[in-house]
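Both complexes shown next keep chain A, but they swap its partner, so chain B is in the first and chain C is in the second.
Now for the complex of A and B:
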């Protein structure tokens, strides 16, 4: 039971990040290597705002700030370079992640910033017969709530329908009258805001330190590749797979199981290059 | 029906021969330049007095060799690999483990490490090269992380040293160099420089050969080559295997010079640094990645304390990719070609 909850906590963070990555890939055709750095910015901003006025305001303010950052990213980089190839954009965003990472070190220094859970959530709650840290339950709640919110938005609203249409076939969607530029701004902002939420939530859960973006971006990219590039549902499912392998494997099998997700990604991509939930052929 | 075809081929033959002549001439010119550069490189240790500069240059060309492996795939096939560290770091670990756990002498350890990594790279290539460019990138990313995880496994920590890394003790000498000499970049330089330049020359030969033209053709339009009856699978496997070989040599050189291997060699950052070096130096020229490796290592040394290197390289990458997609060496090449075509264009224009 405990490991299921641990897996859910991890899966909540993974889905927040990979859903954002999948959205940006679907709409903008960009493998955003800077997403890990944005998550780190979210964590540091969450740390600063949290110290100044508290955790709860931070959970609202930081995503908004990050959404504004997303708008800058969209107008400053993604839109002017919309014609570039997906690999070139991967390299450019990788360069961007180096810049952001270094700016963070400039501002905050290279030390780890420990962060306590907000007041009232420091203890543990009894759930399904086990005592579990309340804060982690909050991560599960907010993380999965936000992601399922997006899932519902995509599934049952008109704008969501347009986003899905563009992800699946941009040209046809444009011919049918979908304004892809406006959707692009919306989706990039949403994606960076999600990175912000993930960062704020991760602060008290993992240590806030300059390397935190690097370790999670690789996993998130592999998650969206496994789930199918651009597929939100696939990203949610693949996050669960990675989180489960990270928590159950080490506990119940040998530690060799840490390799399983990578083997799975490689195997799936070879057999089915579009990923498990992908509809579009990877190009 | 045969007459017109004959006519066409007769008419086109002279220009084809001309093109072949020009190719051969440029091939000889490029090899000549490489030979001169190689010869000049041997003078470096005597010209450079300080040990710290020599260390920077040594580490720079080793990083450059790894970057060359990345740049080669990027240039010939248009593929981005985020798993370069799997081959360089992997070979470094094989070398270290052979030296430490099996007590193998340095030279056989080094040769076996390069061989194993190259064969592994060919075998992995058999599977990976079937994928399209973007999927290929993700596969290399997954491979890199998998090798990192494999080395970090607790159950293997007796062999790999786990997160503490592995201090490599040498047995025997390497091409006349004792373990003390290997630690001195001024003495190890000659071996490393030879290998790096051999790699550069190999890249020149491959890119001017039929294989190189096939690979560029695959980059531009693979289905069209397939329809024209070319086999596109094996050239890609060979290219991937060759890139693995270059990475493996770089990894073993690095492990040998510092007598230590750690998981840092296998991280996402390590693969990323090789990409950065290839992009900064310019991946379209075989010298570019090596120049980039030296520049990056120099920068790391120069900015060491303030740590601003990655701010500048990040800005550098974004600017270079946005403005000049080929990097510094391409800029130089562009200026050079501009000059050459002007000179050549004059008689053609007068006709």
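Now for the complex of A and C:
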């Protein structure tokens, strides 16, 4: 049971990050290498807002601030460079991640920042007979909430229908009258907001430091490759698979546990090049 | 169809880029292409490696400050040569560090390299040092292999060696009466070496190692390792996680109340002083070993200068080790009458000096600095209190026979 809860915690964090990454690729055709840096910004903003007015307000304010930053990103960078190739955009966003990292170091310095769980969530709770840290249960709850929220949005709203249409075939969706530019702003804002939520949640969970986005972006990219580029459902499913491989690998295959998720990604992409969820067909 | 193929290529590219990024951290690499270096006639050009990304980025800059204030201190004193500090920024991987170092050797005549050299980086830099014509002043890496079968005339270990830590650890374990240990260490060279040393120390002390966990370097989640350790815990827990990983592990352990399940928790490189306040109550009562503390009366000038340059933050043992290394460098250059690494290195071997650590010696046979160690314990809001001091005689390991200069 403990292993399942550990896998769910990790999957929740990965879902928040990879769903945002998959959204922005599906709609804007951008492999956003700055997503890890945006997650780091979210954690640092969570630290600042958390210190000033508390964790819970930070969990609301930071995603909103990050969404506003997403709009700036869309109008200031992604839209003017919309005709660039995927590889060029990957390199440009990688450069952006370096700039963001340096800005954070200038503003906050290089030292690790302390961020504790909110009052009442520092202990553990009994769930299915297992004592489990309450804060981790919160992460699982928000992760599951995000999954159902995204699912409901995509499945039952008009905007969600458009997103699915554009993700599947952009040109046809455009010919059918979908305003892809307007949709693009919404999706980029949503993606950066997700990075903000993940950053705030990660604050009491990992070390808040300038390098925290480096390893997570690698994992997030692997997850969206595993899930099928641009497939939001695939990214969510792949997050669960990746987290399960990491967690159960650490328990049963300790010698190769660090490599197991990567071996899994290679194996899946060889057998099923389009990923678990299949790729979108538009460009 | 064409579009799908193109998307499949993009998927492959994404996977390759991501894999390359993840594997870079644990890869070793071939050295650069430069063949020689010369230092300036009147200056000792010291390249200080600063890691700007990864789990150690938060503390890597401390070595630069330590070397800068030390250079200023020694340059103000009467010496034949001045030290010039040259910052070398890297991403912390062996490949990138070698590339940046080669460039610094060729373009800025760097003759000595120090700074934030993690174990794998130090191994790569040490191997390339004879070809690059530089001397390595290692103030961080703990691997004994660098003064063992991979030792060379251009490498000098100022950081306390894992064999020295093992001796201090053995004395501590005996004193505390701890017989069984669980352990957690990062899944790379330093972690595995630390566990080998721990096993040997415990065997000598009549104890044993029960469970060992090896999470990946830069792990986001330690939940599974913590769960595994929680079942039937031993007397004590040994932790060799370091840097940002140490903070993450401490935070998550506190959420699982892991440390409370042990009689004692003992770290090695776990309680890096600048990170202890960040860990806060999560590491209350945890022990570790350090070669130096800012309360050392001999280091007060260095402490004051360091604090003035770092917004009041006190130095820890790695920046302090920079002070010792640069003092040895300055005195060895005076003795050799040269700034050339080929002459300064031999002068440094076997040299003794009265430093901020007290009287220490660079052993000639393997270039290991013989130094005392201190057992510290985390108390209050991030304070480290000295509990025991182990003398140089107690912490001096035998020369490893595989070392041939």
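As a convention for this text, the second predicted complex is superposed on the first by the 278 of 283 C-alpha atoms of A that agree within 3 Å, B and C clash if a C-alpha of one lies under 4 Å from a C-alpha of the other, contacts with A are read in each partner's own complex, and residues count from 1 in each chain.
Convention: a contact is a pair of C-beta atoms (placed from the backbone, for glycine too) under 8 Å apart; a residue touches a chain by one contact, two chains touch by 3 or more.
Everything numeric in this text was worked out from a predicted model, so none of it was measured.
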Chain B versus chain C as contact partner of A:86, first or second or both or neither: both
Touching partner for A:207 - first (chain B), second (chain C), both, neither: second
Dominant toucher of chain A (residue count), chain B or chain C: C
Which of chain B and chain C A:160 touches, first, second, both or neither: neither
Contacts of A:103 with chain B and chain C, given as first, second, both or neither: first
Touched partner set for A:3, first chain B, second chain C, both or neither: second
Which superposed partner A:218 touches (first chain B, second chain C, both, neither): both
Partner chain(s) touched by A:112 [first = chain B, second = chain C, both, neither]: second
Partner chain(s) touched by A:262 [first = chain B, second = chain C, both, neither]: both
First (chain B), second (chain C), both or neither touched by A:273: both
Shared chain A contacts, counted only where both chain B and chain C touch the same residue: 31, 86-87, 90, 101, 110, 214, 217-219, 221-222, 225, 229, 254, 258, 262, 265-266, 269, 273, 281-283
Touching residues (chain side chain A, partner chain C) in the complex: 2-3, 5-6, 9-10, 13, 31, 86-87, 90, 101, 109-114, 116-117, 122, 124, 133, 135-136, 202, 204-207, 209-212, 214-219, 221-222, 224-225, 228-230, 246-247, 250-251, 254, 257-258, 262, 265-266, 269, 273-275, 279-283
For the chain B and chain A complex, residues of the former touching the latter: 78-80, 127, 130-135, 137-139, 141-143, 145-146, 149-150, 153-155, 267-269, 272, 275-276, 279, 307-308, 310-311, 313-318, 321-322, 325
In the complex, chain C residues that touch chain A: 3-4, 6-8, 10-15, 17-19, 21-22, 52-61, 187, 213-216, 218, 220-221, 223-225, 227-228, 244-248, 251-252, 254-257, 274-275, 277-280, 311, 313
Partner chain B, residues of chain A touching it in the complex: 31, 81, 86-88, 90-92, 94-103, 105-106, 110, 214, 217-219, 221-222, 225, 229, 254-256, 258-259, 262-263, 265-266, 269-270, 273, 281-283
